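Shared chain: subunit A. Partners: subunit B in the first complex, subunit C in the second.
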Partner chain A sequence: MAVFNRFETAIDAGIGRRRLGYLLLGLVLLFFLWFPNDASQSNYAKTVFISGFFYAIMASSWALLAGIAGQFSFGHMAFMGIGAYVAGLIARDGFIIAGLGIQITPESISAIGAIIVGTVVAGLVGLVIGWLLLRLRAAYLALFTIAFAELFRIAMLTEYDYTGGSNGLSLRPLIEVAEVDTARQIEYYLMFALLIVCLLLMYRVVNSPIGMFLRAMREDEDAASALGVNVVRYKILVFVFTSMIVGLAGAIFYSDVGSERIIPEQLEVLQMSLIIAYAVIGGMESLIGAAAGAFISRYMLEAMREVVITLPFGLTMADGSDAFTWETGAWRFALFGLVMVFTLRYMRNGLLYPIINWFSGRDLVMKKTVSKRHDWDDDPAQLEGRDE
Partner chain B sequence: MVIEDTLFILWLMVAGPLWATVGLFVMPGVNQDQPKEDQISKTTLQIAGVIGGFALGPIGVALLYFEPAMIRRTTMMVGVIVTVFATSQVLVRVVDPNLPSALWLILAGPLWAAIAAYILPRHYRELEADDQNVLTAAALGGFAIGPLIIGLMWKSTPKINRDWMITLGSLGAWQIYTLFAIQNPDNPCVLAPFSLTYLTQQTANGVVIGSIYSLMAVGLTLIYSVQGIVSFAHGQLYMVGGYFSFYFLLHGGNVLSDLTGTEVSINPIWGIPVAAVIVFVMGALFERTFLKPMHEGLIERAAEYAILITFGFGFVIEYTTLAVAGPFPQRTDRFIEIRRFTLQRTTITEDFAFGPINIIGDRAFAMVVGIVLIFALLYFLQRTWTGRALRATSQDRQAAAVTGINPTNMNTLSFALGSMLAAMSGAALIPIFAWVPWVGAEMVGRSYVIVVLGGLGSVPGALFGGIIVGIVEALGAGCHPDPSRGAAYKEAFALVIFALVLLLKPTGLFGREHN
Partner chain C sequence: MKRRRMFMNCVALLAIFALLPIGMAQADGHCEFADYTITLGNLAPLSAPGAVAGGIAMDWAAKQAAADINADCGIQIDGVNHQVAVVTGDSEGSPERGQAVAERLILEDEVDAMLGVYHSAVGLATMGIMEANQIPTVFSEPWNDNVSANGIREFDGAPPRFEDGIDHIFRISPASSMVGSVVVDWLLSLGVDDVVLIVENTDYGQPAAADEKARFEAAGATVSQIDVELGTEDFVPILSRIQARAEAPDVIRIIVTGETSFNLTQQMSELGVAPSADTICVTNQFAFQSEQYWATVPDGNYCAFNRVGIIPSLFSDAAVALNAKYEMEFGDIVPSFAMATYDAVYIIADAMERAGSYTDAAAIVGAIEATDLDLSQGRYYFRFGGHNPDLPEGTPEFMWHQWPDPIVTVMQYFEPGQSGLDAAVIYPEVYQTHGTSYIVPGTSP
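So, the complex of A and B:
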């Protein structure tokens, strides 16, 4: 500890924690920008990173909705699905309302247009659901969103004439690339850029007065309302905002180079539970924490598919090999769940919270403003003396 | 078109409305000479006149006019149902399936429901009338009878009691029935009023499976009533209960044979108590470790913590089971040798008959297990000291603590008992369904539907809710015009009810009213 404290003082005196934090963040950014150019990395590794970015968007927007605004929605994946399915269907079938003069044909709409339509529809559905959720709190809200998500999934699965059922639906690719390697590269940068844009957008919201209102509402809705926060407006607003973000993410992720199909399985409660676990492990009340948690968890889950430990001292296993090999299968998820449960119980703000807290300098401020507990707090005799 | 049909339609189109108008004007004259307090209100009389006139014509009006004692909610309900039934039959026979009538039901029903639900509660509040249940009644009525409900409730702002709700609810059900009928006039459920076999068979299936659903939901409601939390691990506990039973039956016999040295064969029924004991202990341990700190006030924002921690518990159970048991469907032996029970065909008239109704033996057995266990639980809650202590804690923790009940122990007991009930229903159903580790996720949705429908925290509510959900699923799946879709949408029917109940009446049918 002493060594750490000396480092701490040195950093505080020199570069400063925040600046060091930004420096490290910049280095991480540079790493991510450089990564796909590393020729030794396989396409598989890139795919893991791409899905890591996608889940980072999902987890951080869920952190905004649940951690910061306190609305425990289990319908996040469904909104993602709405964005993707609407974008796919409109690009394939078009959309015509003769009476209103709305006429979108598959030929007239571009991939970007379809993505925009998907995002807007996700936002509109979010508006309706958000309005309906106003009267529900905590467990009831969670139950209602589960019902909504399940209904959507079942409908997508059953109406296979339109949605392709369990075969899934392929979206119109945003960029058509023939070669696989280049396609991965483009997909990688696209999703990474999307992650950065979404994070910046969400940070803009969280650090504005709206973020403060949302936190106030989470702690005590009635008190916030009494102090003049328009609870109805901000509750709906945050719901629409996050729905649009995940709708956009879903539409882009599934349409980028046309390599993935959106399938109803992706909308299951099980998938949603993964998002929640990512956000909880990373830190539900910090966007960057949730995003990093999702990315790291995603990477770890992939890396743990097969655990190989080389035995030291020339030891061998029963079958003669010199390494202990464990096909983890579902055990990695069980382990992951245990990590989630214990994080919840003992580190409510996530495993990354201490690091983020340290870099943000928040605990430094706390040390200065919150006085230490004194001995005389417990000793009535000294307390009496203090009053005089 | 057959002659009878033409007459029938003529009656509905011309004579029905005509006599309804007559009823509307004649009926208010019924009790002019009665003393004021015995008089039936004018609105009631008018409604009765319209319904009676429409359903039975001059006979109806005369009956009601000379025998005003017959104007009861029940008779009116019957009248309404006859009316709507007749209308639906006409629609089936006359209206072409491609006509916009289906559109009316699909679009206009929800539209009017939304309008009524928006207008009426505000109107009630403006008049400072009792607005309890008005929202529910308005939405149901808007769906069932469209703009009529606004007129009915706008003028007299009646107090909405259970009769209203039941009437409007059954009207809404008839609307859905009509929708099915329009979609496919050859649908076995639409033809059913003339041979009730199919309908009764489906209903019986629903009741049988519903009573096991109830058992699981009772566990959920028990946890909620004592601790005030919804366990999101309930489905996984149900699933793991089935697996404990499975593994016990797989290995238990051999182990016991080795121990005793004699050949021991275990009846599958023993899987139920074994699963119950193991999951009881699991639930108790989980509660002590993770939920107790919450009740001690050590954790901020307890409601959110409770959702997440139980959810995480379920997550761990599910994946651990997946790792141990693998994704292959498993099943235990049958409980009883009898394959099916058959109720003989009962003929009332030539083409009005019930049955034969077949109930698969194991399902019947599971139903018996479910009902016996629910009654055992009710006995425990009502008659034993511990059960009373549980109920006392659910009513008032402070007061219970004052009388010497330890609320901490009651929390643990409630969670363990609730988990145990889930495990028992799992162990009772594993001989019937193919058991995979994600079977719990599907089932838990159903038990949420049941507890919310019955009212969170109410044991009888869970019992009736389970049976209602069972029936709705069986009828919905059986009556859907497209059979493959019907089966796929099986869960969706219950979920729709669930979403509506949550929005319109979160206290459910039997829940405690909030003030």
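So, the complex of A and C:
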């Protein structure tokens, strides 16, 4: 601890925590930009990264919705699915708005056009759901969104004539480049750019007065309303905003960027709980924390598919080798569960949250305004520290 | 005397222990193997939301086949023996994960061929990866018609996904269209015209029910469909509704899988709804796993069920041997997808031997097309492919690189606790084992 304190003092006196944080962030960005150009990396590694970027968008947007705005929704995967399914169906069948005389044929709409329509529809459904949820809080809100997500999943499963049921819906490919390596490189940068743009947009919202209102809503809706926060407006706003982000991410990811088809099983509550787990492990009150948690978790879940175990004490296997490969199967999820248990028990704000806050130089402030807020009621000494 | 006998017994025992490793070494070392081990990638669902039980059986079957091939000196290429190893990748039943795992197997593990796949969605999503990387592939369980359809253009408005045709993908499981008609044809042949379908609300249940319903209605039968969620435990309200009808239906067809189907069948039998003198009970292929079936459906005698895969009366020596190994491992009869996965390894191994290469994808594909091999599920061959590219008028496109003879039958129990191996095959007529198309409850064939 003394070593850490000395390190902390040296950093504060030298480059400064925040600068060091920016420096490290810059290095991470450079790494991601350089990665696909590393000739030793196969397309598989890029695929894992693309998947990691997608889940980073999912987890960080859920962190905005639940961790910052306090709307504990289980409907996130459903909104993602709406974006993807609508984009796929529009590109395949077109659509007609009879009253307005609008007719879009499959030939006249591009993959990008379909993705935009998917994103807008996800936002519109988010608007309706946000409006319906106005008076619901906590467990009721969670139950409502579970019901909505299941309703959507079952609809996609049952209407297999249109959606392909569990065989899935194949979306129009967004990148039509014949050369596989080049295509994968483009897909990688596209998904990475989407993650950065989404994070910047969400960061902008969180660090604006709107972000403050959202946090106020999370702490106490009635108090926020009494202080003049238009709770109705911001509740709907955050639902529409996050729905559009995940709708866009889903429509792009399943347009053969990360996967060539979406299936209803992808919208199950189990998959949603994984998104929540990623955000919790990273830190659900931090966009970067949740995104990093999702990326690292996805990477680890892939890396742990096969674990090579070297035998200790000079022990050997029957064939003379001193190591064996463990195909982990479902066990890697059990190990992942252990990390989750550890996080919830000992680091409720996520494994990455303390690191991010340390670099931002806000660790003490955040500790006093978020993590320990309930303890202050019991401990006047801590309450005094709040004013520092 | 007694002490001497004890001494002699000890000596004999020691001699056995001393000789055992030598014997094992000889058994292990009777083949000289090349340094390079041929690696086959197996895609199977080993975690949720995939069908984990199916994935475990497929993983076991592929590795058992590799072990059996290695015990017989592996794959011989140009007179040199190569050991074969199987690496199973967990597809999780998800196209997205399946794609990633397929790439890992091909690019990181550098497999020489691929096999397996349980879920059709995973098969459809991974085909492009196998094609792009030119990996000879034998799918052993996905049923979707498009899996083996040549030059399929699933997405309208986009160029064909495989403009040059599906060169590298083969399938030895049946296409959905090959399975759907058998139960309906059987029931229509019995003259039923009032059908109740109890259907699970899943990808398996809904399309299967729609297909059967259309076939029944086309033949003039009346069909009522009742949807249920997987995991439902109490079916009494549904069954009471059926009982309250003025006339009992001719047949209750259960299109529900797993434990839920067993619960439903038991409650139906217990209430006397079906099987009965008036109503035929038709459950699904999971009833063939008789250990599980009788443990949860003790009153389910005289229920019929469809079976995909070779029927017990036609089990070859290879099938009997495989079944014995499976029973030893899992305590039940080997399911068709495990047999198909086992056979897929042999088909690839045989093709590599005939192609004289484990790297020349075109030669291996050509050799698979020319397969003529008797394995656990029967004689394997591929009627249409590069060797015979012109599908005659009316032949469905899925027949490309498709094994044409997967056996689909209807079977029926007629004794409580009966093994699936002893159940009567009642349809099609050509496979009948007890000379009847239906065993009326309370009678013996």
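Brief remarks follow.
By our rule, the second predicted complex is superposed on the first by the 350 of 388 C-alpha atoms of A that agree within 3 Å, B and C clash if a C-alpha of one lies under 4 Å from a C-alpha of the other, contacts with A are read in each partner's own complex, and residues count from 1 in each chain.
The working rule: a contact is a pair of C-beta atoms (placed from the backbone, for glycine too) under 8 Å apart; a residue touches a chain by one contact, two chains touch by 3 or more.
Computed from a predicted structure; not experimentally measured.
In the three-chain model built by superposing on subunit A, subunit B clashes with subunit C.
Looking at the shared chain after the overlay, A:Ile116 reaches neither subunit B nor subunit C. By the document's definition of touching, neither partner reaches A:Val307: not subunit B, not subunit C. In the superposed pair of complexes, A:Ser51 makes contact with subunit C only, with no contact to subunit B.
Residue contacts after overlaying the shared chain place A:Ile186 against neither subunit B nor subunit C. When both complexes are overlaid on chain A, the residue A:Ala216 reaches neither subunit B nor subunit C. Within the superposed three-chain model, A:Glu107 lies in touch with subunit C and out of touch with subunit B [touch as defined at top].
Touch criterion met: A:Glu327 reaches subunit C, while subunit B stays clear of it.
By the touch criterion stated above, A:Ala147 is placed in contact with subunit B alone, subunit C being left untouched.
Subunit C runs into subunit B after superposition on chain A, and of the options 132-140, 168-176 or 204-212 the stretch responsible is 204-212. In the superposition on chain A, the residues of subunit A touched by subunit B in one structure and by subunit C in the other are 154, 157-158, 268, 270, 329-330, 333.
The touching residues of subunit A, when paired with subunit B in their complex, are 66, 70, 72, 132, 135-140, 142-144, 146-148, 150-151, 154-155, 157-158, 218-219, 268-270, 273, 276-277, 280, 329-331, 333-334, 336-338, 340-341, 344-345, 348. Note for the complex: subunit B touches subunit A at residues 229-230, 232, 289-290, 293, 299-301, 303-309, 311-313, 315-316, 318-320, 322-323, 438, 441, 445, 448-449, 452, 485, 488-489, 491-492, 495-496, 498-499, 502-503, 506.
Those residues of subunit C that touch subunit A in the complex are listed here as 46-49, 52, 87-90, 93-96, 99-101, 103-104, 106-108, 119-121, 124-125, 128, 132, 144, 154-159, 201-204, 206-207, 210. Of all residues in subunit A, those touching subunit C in their complex are 42-44, 47-48, 51, 91-92, 106-107, 154, 157-158, 160-161, 165-168, 170-173, 176, 180, 258-266, 268, 270-271, 302, 305-306, 327, 329-330, 332-333.
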